[in-house]
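What follows is a structure written as structure tokens; I'll ask about it next.
As written, the chains take the letters A, B, C, D and E, and residue 1 is the first residue of each chain.
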């Protein structure tokens, strides 16, 4: 078993195309997941039926393997005629759309829990100070609680994001050729598992470590106020 | 340094002389936490420009009263009027009343991720929609008044407790409230910082602003307050001119309390 | 309708999933704890090792790590032993490769979680134990650990669920866990949804069980901490 | 003596795991018969198809008892035994559609193929980027997507497409087209394989299978699982 | 209530009368945090049975000194002797010295996940390997001494600040130290709780134990301490009999300080 640089070079275009697919799947999921997670996290902080529903949502989508969720969206929903025979089909016939839906649901489940944790960690006194200064609850939420929560959860968000980058590879189950799938295709043709997978691993490594660096910089910027003097 | 107060207060807080509207008027106020009766039939008036000190043992309801007045807690019955406006649960009423009130907390509650200057301009810009430049000028003016102008670009964590509390006072003053509420503003401070905050409060008192202050700094109460109110178990036990309050405590409980804290 | 035979196989797969997940998680906990303790104080050599480890194992998908261990593991172990002059041939089983891969990947994540929990235990607790002459190991075990657990539990529970679900990715190295059986069963019966749904029910059941157990542990770690008074929700939207 | 054989396990009726968890299907049964006659103890390991050759190369398996097409790049790595079956490929298209299988005729067609298969390679060589290829991990998904309308056609082995699709209700309205194709370098038979250094083992396996075919046990086994004949030699056993 | 002290201390702390070994003897002690010089050439002696109060502005190094004495911080030069034993970096020396010392922190540092009783028996059982029953009896005895016997089965969070601090004192006393160190034991307490803790400390002083106490409670210092030490910028500025300390502060800085805190 040895690393074959020539094969690695030859398969580079395929792997880069796979990387592009990975991003095409990932980026909308990150944005949509975040947007979806916010109202769920807020509902979770309340009491009563809304909170129960939010808790159920989080439990369900964190619990179901994303592979199954993707299958369900991609192959399961078309069995229903309201999906199959209406305008919805124009969306659901597209594998990217299905990937976005499936992964967004999973991601939003995790994110809702992370955001809830961050919001809960904002000291009550600070919220009261904002209230006493005359800010409306909405202003307090967007201008104070969320910015502070973002600072608390940076690390948890980083972990979720890194795991998300890698678990995007589940989309190969619904025909998308992401980076892992691209490496697997090379592997399928050459029976050399080592070279394409190590090359893919190297690309993942670059992506992830760029993100980690980004987070370190963000942490330094956002948490300036904690810097020891 | 002490202000010449326009309206001498009467110890009989229930029925105030007519003419000038009271700054704060609390009537038969009751507050429950679940089944716990935290405030019992409170009647409490503060005249315009009056400085009132609230004291009493821990858990007696001092904070609860202050917090009801600016609606950080909802009251369950009775009424609260601030400068003649009734405080109801309507968001618009709450906002109108809060515009009259500045609040300073025991634990400062500065926004840790904003610089001192941003702490002060935050409400000006977001709540009053003041242009940034104007807000900054105003904030710097008040920061200078409390002697922390040179700390404007630091983060709160970089300041001593006394400096933080003075920033908190400046932050509240920026909004030009007609009434300031203080909830144990010095009890989280080290002994030397206490002095600097009390001095700022004295200067503030001299400007004729109305102040309600929960504190155990009896020296401050004696020197600055017009009236002292002693609470216990959610009720007002004594309410008297401050000279009278210290010289002639009527109830045994207040006598005991003063013996402890003096 | 699902055929009972296949459901039984799913059960066998579920057992395998649980075994792999539990062992991986224990390994990850061990690795995470060691790294957390070693990196509590910043020391250059340890820091370099840790940063390299973290960047590799959080940077590479666990599937690929498992692949490498499975296919190249024997060679790696042999060359490690040959460094000390031993010639050893170890056959890396899919099970061992899976456990090692998941354990090492999630160990990197757990190290961060555990370290920040330790750092958030008030320093006064360490000092109180020291001035009371409590030996260091005892202090760690009886004073610090319960408090670390209280702080880290939510994140650790999360990580457990992630590990559990990640076992599904390693059927590619021939490990027959529940998702592999679901795939086999749907391949034979041509009824994919039933078996994938059953597999999901298993995962949801495990998540629910995790919730119940973590609540128990949480109650235990929360003993002594006054329940935070449910303040009025004046601030919520 | 003990042999470790690899088998796919999810390619009915050639190879599957039954409800009791037992590996069965034509190939495992044939392998068991072969082992019996070779007088060796056999361990049949179930593994993803694409894991088989790497595992073989890594000495995790002694031989692979799953039909494998002798593609050139495979032949470069492993030895192929005698053919186990002849299984030509054919296009599967809507019954009411007629295609000419040229670059022009196939323009814009969405075709579903198994990832890494000989068919995928063939389509790529024949039509390049004129067609839109969608890759799948398993043929069942291709069939689902044909019926759901995400795909226009597929190309695959006739035997399994007949068994699993065209003779089933959901395959109504679909047909083979384009005739028999021998994808994968034109070689016609699919075989079991072994490592390059196992020529002697492979010869023994081949010889044993020859005897199994000769005394019609092959055909008897095959009939337990399917109707179509797999080898020309089977004609003698009709 | 005040004890009759065996050994009258001399204000000149540097050269003590021979005969009885000093409880604590600190010589030319220097301590740096990075490049910050936190303790400068400290000479500091405490005789057996002496009660010493340390005071000074925030950041003057009071805590650092106390923490060096029981090796919570390492000193960089100079020597520390406790009951004649030198404190070096050797673990066995550190342990031997710590056996002599009880420490009470400003923030109590009770173990939040253990009951009050377990807090007290923990060190007895784990460090001294005392049997459970004996440890419990001892702990209950000391809890009774500080008037919290009836809280033994509660968790710290269920107690008031004053009660928590008294538990912390009992926990330290259980190990029968010959010297008690207090670092601002009352400054995290509400005004009424302060009284209860100071009373316990006075009673403790009356038993003849050696005590070093960082505090700004000047009333306590006056009534109980034999000697008061004023620190500033990491150095000892004044060290005098407590009567002398308050009556005749020599340095201007101490005069200013006393004016602030009294």
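One rule holds in what follows: a residue touches a chain if its C-beta (ideal position, glycine included) is under 8 Å from a C-beta of that chain, and two chains touch if they have at least 3 such contacts.
Quick caveat, the model's predicted, so the values are computed rather than measured.
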Partner chains that subunit D and subunit E have in common: C
Two chains sharing the most C-beta contacts: A-C
Maximum centroid distance from subunit B, chain identifier (CA atoms): D
Length of the line joining the C-alpha centres of subunit A and subunit C, rounded to whole Å: 20
Centre distance in Å when subunit A and subunit E are each reduced to the mean of their C-alpha atoms: 54
Cα-centroid distance, subunit C relative to subunit D, in whole angstrom: 39
Interchain centroid distance [CA atoms averaged], subunit B/subunit E, Å: 37
Subunit D: positions in contact with at least two other chains: 54, 58, 144
Residue list for subunit B, restricted to those that touch at least two other chains: 72
Numbers and ranges of subunit C residues touching at least 2 other chains: 71, 192, 234
Residue ranges of subunit D in contact with subunit A within the complex: 50, 53-54, 57-58, 73-74, 77, 112, 115-117, 121, 134-137, 141, 144-145, 148-150
Touching residues (chain side subunit E, partner subunit C) in the complex: 70, 72, 95, 98-99, 101-103, 105, 107, 109-115, 122-123, 126-128, 155-158, 171-172, 175
Residues of subunit A touching subunit C in the complex: 1, 42, 45-47, 59-60, 62-68, 71-72, 75-76, 110, 113, 117, 124, 127-128, 131, 137-138, 140-141, 145, 155-156, 159, 162-163, 166-167, 169, 180, 193-194, 197-198, 200-201, 204-206, 208-209, 212
For the subunit B and subunit E complex, residues of the former touching the latter: 57-58, 160, 187, 190-193, 195, 216, 257, 260-261
Interface residues, subunit A side, partner subunit B - complex: 123, 125-126, 128-136, 139, 143-144, 147-148, 151, 222-226, 229
